[in-house]
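Note that chain A is present in both complexes that follow, paired respectively with chain B and with chain C.
Up next is the complex of A and B:
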């Protein structure tokens, strides 16, 4: 058995190295690493924790039912409120702290309705120069119900 | 001889303890919130025939996610495809399409808009090349970045066949579309879908049997971008022209 002693010494060395590796690994590796795969599991919750900027149409509808009534019967019925009014999560949290500013219709309406060859042909388009001559769109059209007459 | 064996046994005990402790550490991870990863598998449907190139999605994305100016997590391209298939299509995207598009007329072309974003690939090339495990595919079907792990080495930026990644100029780490993970995990839709006036974009949950996605995929000719790369893209395009890459 005496001649096996050197083998046992090598085995002991390996086991010690493994132990050191395991201890270092445990210290260095985040607790949630490997929870869902080869990445830090808690990163998901960190990404989810970001605050929202757009409140979403159902939140707007909770208070603005008068506008909703008009909108629902119009061509614009399916457009989200914040598509035109911009991000309003802060306003939804505290209506006094963040007052939404009404968008400039000359800019806003043209973004969708200015004629462009790449737009679907059935989509209503105008050349604003010929159509209104620089007049604000809402001097004739009501954006929540744009049809005249 | 006796002593050596005893040493070995003595060493094995703390080793086993360390191993068990480590395993406990993993299973005792932070408890999941109400959102269940296993119940969802996210994707998006983009209808080319509905896109009017207004740039609402690009602006909303940049406001929702504080995207640095000049960089885009989603953008819109205007394709002008010549009648002769030998010629390349003309693709324009001034400032990502954020402020809409000029009505440039290219002779004898078919024109349309193509909104683009991260395809949240099932077999993502960007995940495969990350040397530190900072970018990954989640069980609910997203490709995300752990910014505390990212070295900013740019391998993934080159690997993405769709050009969806950029290096955040302030933090010097990679950034990309998260499919508004912070919104969809609380039952909202993404910022781009929320603000799309024509419904050209639709967030879909492939694991929800009631989601309209199943009907749409069954009854429409749907394509993904660069299908020959077998990335398992989950952004499905309706009425996509074959010239789009």
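Up next is the complex of A and C:
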């Protein structure tokens, strides 16, 4: 046993290191960790405290129901207002303080409708250069109801 | 969009795993490989590689200390990234790293090095002066017993730890392969062969690194190189490399024959975006050339100087090839779209948190640590005498 005393010392070192680790872990672990699951419980509160950027379609509908009526009958019925107009929570809070900028349809429409061989063939797509020659899309199409005729 | 070809889903355009995640499997591979080479001497009694035993252990230890740093840097948030070690989630393969790492670093590597060096540490604690004396004293843990009986116990304990260490090394790197192999959504990664391929490539890279380190150490110390040792390491490197290459080819043939829905897309990627790193660097320069150099030495007998040159070139190219393999797995797996209809580009940044500069720093750091370890615990110490069966073994 005397000849193996150093092994007992190294074992004691490991046990001590483990205990120190557990103590440090206890100390540094966020207090709310594990409250609801494998995350900090306080993270929910922190996320909730962040400013809201998107108002949501029902909020837009409260003032712009005329636009929504048109949109709902078109091919774009399932697209959220803020997908094109950007986050508008500030505008919803105070319409005078934050005025939405009308999107440039030349860029906006091309995001989805620029022709690409990888897109499903039935999806409406054009080569914007040939199709409009640099003209803004909304000079012919109404974005809320894009079908002509 | 610049750098994007065909159709990519929005979340695929930018790569989430950068060069740091390439370094992570590369460095852990070097650890596992270096340890496996060391265990050859310890467990399988390959006496010829004995001069590299301690160097291999110190190399493994030096790289092991650096292994988690790429992950920490990648995570960002230094104020909380350590939490991956304190609160690992048992259902996440990535978070299990903490357990695998601590087991391997503390239990296997630290203990094995400590037991092997104990006699040297005790002697140095008595002869050294200044700060070094205090470090050695601390390392003795207050036990100065270096009797034959006590050293025989160390030898036995060291042997048991090495026997445990071999599956641990396999586990460590098999686990790294598992992280990629288990991502079923990614056809470039998802194969049960991945842990095995990673393991063998780890052994290849570790053996090549220790071989180069040994050659460099001998050169720096202006000593005569032990050609028997070098030949033996090169032979093991060759054998391991053949298995590794065969496994990778098996994976490739399997993919080609299976020709799944992803194959065309992946094949296109290998011939375009990954052509340089996969075909030229990994397969030709990093595998075929070193394999040919090593194979030539199994068939012909070259002069010592030529062999040294050939082994040096083979070792260097092997490391480049294995690094390219990690690159192709990690970066390649993120270059194509899940729709199989488009490809993106990885732009390597320079002086950013996940850029080339920190990557270079992380690759230099282990060598600085190894240099420190070698200064403190010289692997070629004249006092290194191992007790084998109650008798003092040879001096390396």
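Rule of thumb we're sticking to: the second predicted complex is superposed on the first by the 111 of 149 C-alpha atoms of A that agree within 3 Å, B and C clash if a C-alpha of one lies under 4 Å from a C-alpha of the other, contacts with A are read in each partner's own complex, and residues count from 1 in each chain.
Quick note on the criterion: a contact is a pair of C-beta atoms (placed from the backbone, for glycine too) under 8 Å apart; a residue touches a chain by one contact, two chains touch by 3 or more.
All values derive from a computational prediction rather than experimental measurement.
Peer 1: Return first, second, both or neither, reflecting whether A:25 touches chain B, chain C, both chains, or no partner chain.
Peer 2: both
Peer 1: Just chain B (first), just chain C (second), both, or neither: which does A:79 touch?
Peer 2: So A:79 only meets chain B here.
Peer 1: Hey, is it chain B or chain C that touches more of chain A?
Peer 2: If we count touched residues of chain A for both partners, the winner is B.
Peer 1: Look at A:38 in the shared chain and tell me whether it touches chain B only, chain C only, both, or neither; answer first, second, both or neither.
Peer 2: both
Peer 1: Given the touch rule stated above, what does A:17 touch, chain B (first), chain C (second), both, or neither?
Peer 2: second
Peer 1: After superposition on the shared chain, which partner residues are touched by A:51: those of chain B (first), chain C (second), both, or neither?
Peer 2: Touch status of A:51: first partner only.
Peer 1: Kindly classify A:139 by the partners it touches after superposition: chain B alone (first), chain C alone (second), both, or neither?
Peer 2: After superposition on chain A, A:139 lies in contact with neither partner.
Peer 1: For A:116, using the defined touch cut-off, is the partner it touches chain B, chain C, both, or neither? Pick first, second, both or neither.
Peer 2: The answer is both, since A:116 touches chain B and chain C.
Peer 1: Looking at A:3 after the superposition, I want to know if it touches chain B, chain C, both of them or none. Which is it: first, second, both, neither?
Peer 2: Second partner only.
Peer 1: Enumerate the residues of chain A that count as touching chain B in its complex and touching chain C in the other.
Peer 2: Chain A residues touching both partners: 2, 5, 9, 25, 33, 38, 116-119.
Peer 1: Give every residue of chain B touching chain A within the complex, in rising order.
Peer 2: Listed in rising order, the residues are 1, 4-5, 7-8, 11-12, 14-15, 18-19, 21-22, 25-26, 28-30, 33, 35, 37, 49-56, 60, 63-65, 78-80, 99-101, 103, 105, 111-113, 133-139, 144, 146, 148-149, 178, 181-183, 185-186, 188-189, 191, 194-199.
Peer 1: Would you mind writing out the residues of chain C in touch with chain A in their complex?
Peer 2: Going by the criterion above, the answer is residues 6-7, 82-83, 86-87, 89, 106-107, 111, 114, 118, 140-143, 145, 147, 149-150, 153-154, 157, 339, 341-342.
Peer 1: Spell out the part of chain A that touches chain B in their complex, as residue ranges.
Peer 2: Answer in residue numbers: 1-2, 5, 8-9, 11-12, 15-16, 18-19, 22-23, 25-26, 31-45, 47-54, 56-57, 76, 78-80, 82-83, 86-87, 110-112, 114-120, 123.
Peer 1: If we count contacts the way the header does, which residues on chain A are in touch with chain C in the complex?
Peer 2: 2-7, 9-10, 13-14, 17, 24-25, 28-29, 33, 38, 116-119
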